[in-house]
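Okay, here's the structure, questions in a sec.
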Amino acid sequence: MVYLKSMVKSKKRLIQKPEPAPEEKIILELIQYDEKEYIRQDNLPVEELITKINPQLVNWVNVDGLHNPTIIQELGKYFCIHQLLLEDITTDHQPKSEEYEDYLFFTLKMLYRIENGVIDYEQISFVLGKDFLVSFQEKEGDMFDSFRERIRLSQGRVRKLKGDYLLYRLMDIIVDNYYNVLDAVGSQIEQIEEDVYQNPSESNFLRIQKIKKDLLFLRKALYPLRDAMNRILKDESNYIETSTIRYFSDVYDHVVHLIDSLETYKDLNSGLMDIHINSMNTRMNEVMKILTVISVIFMPLTFIVGVYGMNFDVLPELHWKYGYLGVWVLMITITITMIRYFKYKKWF
Amino acid sequence: MVYLKSMVKSKKRLIQKPEPAPEEKIILELIQYDEKEYIRQDNLPVEELITKINPQLVNWVNVDGLHNPTIIQELGKYFCIHQLLLEDITTDHQPKSEEYEDYLFFTLKMLYRIENGVIDYEQISFVLGKDFLVSFQEKEGDMFDSFRERIRLSQGRVRKLKGDYLLYRLMDIIVDNYYNVLDAVGSQIEQIEEDVYQNPSESNFLRIQKIKKDLLFLRKALYPLRDAMNRILKDESNYIETSTIRYFSDVYDHVVHLIDSLETYKDLNSGLMDIHINSMNTRMNEVMKILTVISVIFMPLTFIVGVYGMNFDVLPELHWKYGYLGVWVLMITITITMIRYFKYKKWF
Amino acid sequence: MVYLKSMVKSKKRLIQKPEPAPEEKIILELIQYDEKEYIRQDNLPVEELITKINPQLVNWVNVDGLHNPTIIQELGKYFCIHQLLLEDITTDHQPKSEEYEDYLFFTLKMLYRIENGVIDYEQISFVLGKDFLVSFQEKEGDMFDSFRERIRLSQGRVRKLKGDYLLYRLMDIIVDNYYNVLDAVGSQIEQIEEDVYQNPSESNFLRIQKIKKDLLFLRKALYPLRDAMNRILKDESNYIETSTIRYFSDVYDHVVHLIDSLETYKDLNSGLMDIHINSMNTRMNEVMKILTVISVIFMPLTFIVGVYGMNFDVLPELHWKYGYLGVWVLMITITITMIRYFKYKKWF
Amino acid sequence: MVYLKSMVKSKKRLIQKPEPAPEEKIILELIQYDEKEYIRQDNLPVEELITKINPQLVNWVNVDGLHNPTIIQELGKYFCIHQLLLEDITTDHQPKSEEYEDYLFFTLKMLYRIENGVIDYEQISFVLGKDFLVSFQEKEGDMFDSFRERIRLSQGRVRKLKGDYLLYRLMDIIVDNYYNVLDAVGSQIEQIEEDVYQNPSESNFLRIQKIKKDLLFLRKALYPLRDAMNRILKDESNYIETSTIRYFSDVYDHVVHLIDSLETYKDLNSGLMDIHINSMNTRMNEVMKILTVISVIFMPLTFIVGVYGMNFDVLPELHWKYGYLGVWVLMITITITMIRYFKYKKWF
Amino acid sequence: MVYLKSMVKSKKRLIQKPEPAPEEKIILELIQYDEKEYIRQDNLPVEELITKINPQLVNWVNVDGLHNPTIIQELGKYFCIHQLLLEDITTDHQPKSEEYEDYLFFTLKMLYRIENGVIDYEQISFVLGKDFLVSFQEKEGDMFDSFRERIRLSQGRVRKLKGDYLLYRLMDIIVDNYYNVLDAVGSQIEQIEEDVYQNPSESNFLRIQKIKKDLLFLRKALYPLRDAMNRILKDESNYIETSTIRYFSDVYDHVVHLIDSLETYKDLNSGLMDIHINSMNTRMNEVMKILTVISVIFMPLTFIVGVYGMNFDVLPELHWKYGYLGVWVLMITITITMIRYFKYKKWF
């Protein structure tokens, strides 16, 4: 499980010492736009990128990869990002929002659903200033491609508005994907529910446990996200205009809804656990009943045949003409009585 | 289960692309009244409906069906409903209230009890402006018919008051129906309780699990509803007059009461679970006791008859005159002793 | 169980349609007093009662029975009681307090302990105005008789003070009776505790479950009562004088204490449940041990006697002189060894 | 258990009717001091005591025994103690603090640890005025003797300060003793923990249950105490000087720490419960394994010897020369195979 | 377990009587610096140390060992530390922060991970004044050595800033080490998880219990630490400059994150418990199935061979030619049928 490790390692510092960069490149991307213009430049070296920032336009700087501390530091210096925030950006940090003098900082988790119900994730951090938005992602590739296309084609209202609306759209896309992840968990719960009645197997138990862990992980991502969103809404940030606040409030609503669903899933999942345990107990009961029925029927019979296997000199029944027949009649009578008793007790 | 799907699919966007309308019609209904006048028009096309809105009267626009985005969009445009709200209206959303400049928005769930204890539901959203109330329902048919009749006949105070009182009455009807649904759950709990003592069967267990899910579903509907009501009461909305606030406060009280009952039912239901488990264990204990009694009685007897089935040349008891009789006396003594022991141990 | 129905029917509207009165009479009682005067009149018709209200005195109007809506309506009209409150008075409503312009409204439950540990209850509502206190009870007969006598004899301070002090005294009497009910529950817990160690029987389990339900019911009565009391204390009602607030604060303290005891009882009761389950398991263990001991001793013995019951031509032991004796020595040795083993394992 | 009764009787009114005093005497003690003077007088009649109060000195009036209502009433009258408080003093009441015009009232529980881990307690109430402190105890004998000696010898700062510091010192002594009681509970938990692994006996289970009850009792004493302390600290009482507040804040810290430890003990104790249950289950498993091993080994063997005990005319093996030997070889082979199987399954 | 004792002894007073010092020395260390100067002096006698305090520099006084009350008292007197704080410093106290007129007081736990997953800890207290920081540690040796070196070499910003930044750095180092401790717990959980599926052994159960206790201990250290940090952040201490607050806020974030991880670990660990119990039950089920299968197969067989071991004069089957063969055919048929039945029931 990809994320379990991240739960077990509670904090990994990505930048530990300001050493020279590793081989893997960091990709810098600059998208600039206003209502009329649209410029996109990829793979710019950091020094060049900085010179291109144009305060007349909305400047979206996207950073893919956090393993090169010198580039992060340089960007940090240009945008005056506080040393502590740079640490938060490059470290596995719980979602939070914080307003500084020159910008608003926001970090959260991007969740991906990959096959087999496995959940992968990536940390994304935003620094929103008066005329720029910097986004830091851990890995190349994201869920924003179709949105980039919408900007280019000037679809929707994004080109008419500022960086705060851009931030809203990106967060909305991320949070929308949470629904996909949660729905996948929901489908698994539904599947297991159908199975677990028939078959209280070890494997179903493990699936229930896995979902419990998935939900724990989602909880760790969602609760602080709600608090961070709430802080933005309450503190009336300087970097979010009043008209855009409505949109953030909508994202906040979605997060609350997600948490709500999460808690419901948690209850449903623990219900599955009850069903599993009950099924196991029912089985156990059945097994014990079979054992008891067999014992109760055959123990007396075995005793009876034992009696007439004794070698006493004087054992009159042995010499009766219908002795053998009589024993069978006796044994069949006992068996029928026993079976009737169990029927009466509703064991069958 | 109708609603389980809605729990598992945590969010379904009904309007995804502004495509042409499906076959099923959206029904628009306009009811206008004041103390003297009462006009009702059904099945109006949206363009015509808009022209008929009369600011002198209370205008209640009721929309049945949300699958035609163009109609929803047109209504939204006329009443200046924010794009985000239109999305909330057409999406499965948790209950919420939100005040905008030109109107108050409220969305909640209408619950229906259909046969076999199954709960169905439908989302209803209200937009309350100075002189209008728009209600959006998912499906045709609702619980307001007798109330429409009361308006027409000018029964009660509704004709003397404004749209806020109309909203109160509609919400009161909806919340009143929650009591029916909750009472049905309560009756089921009562029924199961009588059964479960006699018969800790799998089917009772499933019924308990089903009620647990019903209560989860109701909780998801009621808690956000309480919060939404509370926000209306605290924020002193511009669209609800001070004299009407009392009424909303009464609905709020009912919701609190419902939540209270809900929690009690939850506890009663989990008590049923305990009873079920205890019954199962009691049964198990009984089965084990029977098995043990039978074993404890017949094992020694079988051993004794085995002894005298041995073929030793020298086995004096076999040649005693009253050997066989003696063995029976011994065995009966053992049996009686055992039974007395179990009586003493209170196993019977 | 009397109250279970009230839990299962979450809300019963007593006045549904303003129909003519049923046979059972509603009893109206008027007690008027100040430091010098004391007048008591029973069974007044409502029209006459209204004319007798004297603003110079404290007027206590007590209504026994709520099934006649016309009388309730008439009283409501005279004292200007809001329509919603009249509904609350005649409906099963959770405890609440609410201040209106002309009066303070308070509703709570009166609890009675009737024999066999059964709890009965009745709803009582108060409307406290400047110079009157109206109390509405569901049934005839209450716990205030000795207090009425105290008023008449001018014992204590009640005749020197106003209606707010009268309300305090009535509520104090009601809340004091809660202690009796709770103490009865406590005694039952104590009794069961002594039983349950000896005897983990089904009947004890049922008694534990019943107490759980009683506590649930009490919780439903007490928590909203605390909140209602708290609201009175915080909101500085116009109808309670500053000097009387101390007394209400004392009642509030009692309610908090009751809740505290309630929670303790809940924990003690769930402790009983643990004891019951543990006793059952201990029993089960014992049964299993007996079964195992018997099996482990007799199975080898039965096997041995079986060996010498075989009919082989060549079976030398059968022809030994001390063969039979030897077998007995062997079997007794095995038995003693087994018993020692179980002693060592501390099974006895 | 001494305190269980107090939990089960939730409220006992000590003064029910103002009757003449019982035989047991109430002991009144007056300690007066300032920096220079120190006067102690015991066994004063109440009338005399009152005349001796000297506003120039700190007057500590200590009352041992609450069963004589006339003395309590007389003291109450002299110090203007509110009737409701006198009731609280003589009744079993949860800890609380309340500020009146002329004094600060505080009531809490004094805990004693008596042998066998039994906890005893006594209620103590304080009334702190400008120049006096009255303390009411249920029984003679307390934990303040060495402190009285310190006052007499003018050790520490108590003689230089006022009645509020005196109150702090008394409360500090009481709360310090809570640590002893809690430590005793902790030691018991430690002891049981060592036992319970070896021996999941009924008696350990009962000890765990008893500790659970002790902790419940302590919780009932500590939580309201914290709230009462907190109210003193927040409300800036007129009867506690700013410089003394620090000291009360320290006591508050101790109470919070005690609650913290209490909760930890609760968790540790419920952990013991888990261990007990797990041990019982492990035992059960072992018993079942023994039963199964014995059955699985001896059932086939008994069957085999049964086969050759049959009396068929034609049963060729019986006449083989090595038939008997062969049967033994077969049976030993089966036994070894079974044992190997169980070894492989890790049952031994 | 080192810390269990500290949990069981809830409070140990280290200074109980102001007696002469024990043999073990208290080590006093003085580090003074500003941007230009750096002086370090070890093992100073307390009288000399006091004379060296230089208000122009940052003075860090580090005290290793708290067992000599006279030294603590002398330092306390010089820095005007309140008597209650000196008690807190030398006593096992929960983390707290408190602002006094002349300094800010902070106490918390330093956690060490020592081998075998055992957690050790030590209490550290800070007194931060205008120009000094005094740190009190229980034992010699700490985690600050590399940081001392950084100060000496003037690495980072510490030499440019004041005592508040010094305090931040020390606390950051301490809290960073919490991550190590928590990660160690996390690794253990991961290890156990792999084991517990294979082997629901007693030892795994004990490891789960031990982790539960570790987490309890960490919780006791972390929750009050969060509250203490929070109080510093909210109260705007005079001893922490506005620019340094950001840093403390970062430490606070880490503590919140640690608590978050702690709770997740708690849930994961209780999940392990479920797995353990489920594995045990599954085993039990398997054992019971084996027992039942063996009984169900061999009981009828043993009965059959018993039948033909009877000694009746008239028992015709015994004299049939293929009687013996027929019995074998019968018995094999029965066995195969049984096995098929169990296959059908999915017992294998």
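Order as written gives the chain letters A, B, C, D and E; numbering starts at 1 within each chain.
Just so we're on the same page, a contact is a pair of C-beta atoms (placed from the backbone, for glycine too) under 8 Å apart; a residue touches a chain by one contact, two chains touch by 3 or more.
Not measured: the values here are computed from a predicted model.
Chain centres here are Cα averages; for chain B and chain C they lie 26 Å apart. Chain centres here are Cα averages; for chain A and chain D they lie 43 Å apart.
Multi-chain contact residues of chain E, defined as those touching 2 or more other chains: 284, 288, 291, 295, 299, 302, 306, 309-311, 315. The touch graph of the protein chains shown is a ring with every node of degree two. Traversing the ring of touching chains from chain D and stepping first to chain E, the chains occur in the order D, E, A, B, C. Residues 179, 182-183, 186-187, 189-190, 197, 246-247, 250, 253-254, 256-258, 260-261, 264, 267-268, 271, 274-275, 278, 281-282, 284-285, 288-289, 291-292, 295-296, 299-300, 302-303, 306-307, 309-316, 346 of chain C are the ones touching chain D in the complex. Contact residues on chain B toward chain A in their complex (touch as defined above): 4, 7-11, 82, 84, 88, 93-94, 96, 98, 202, 205-206, 209, 212-213, 216, 220, 224, 273, 276-277, 280, 283-284, 287-288, 290-291, 294-295, 298-299, 301-302, 305-306, 308-311, 315, 317-319, 321-324, 327.
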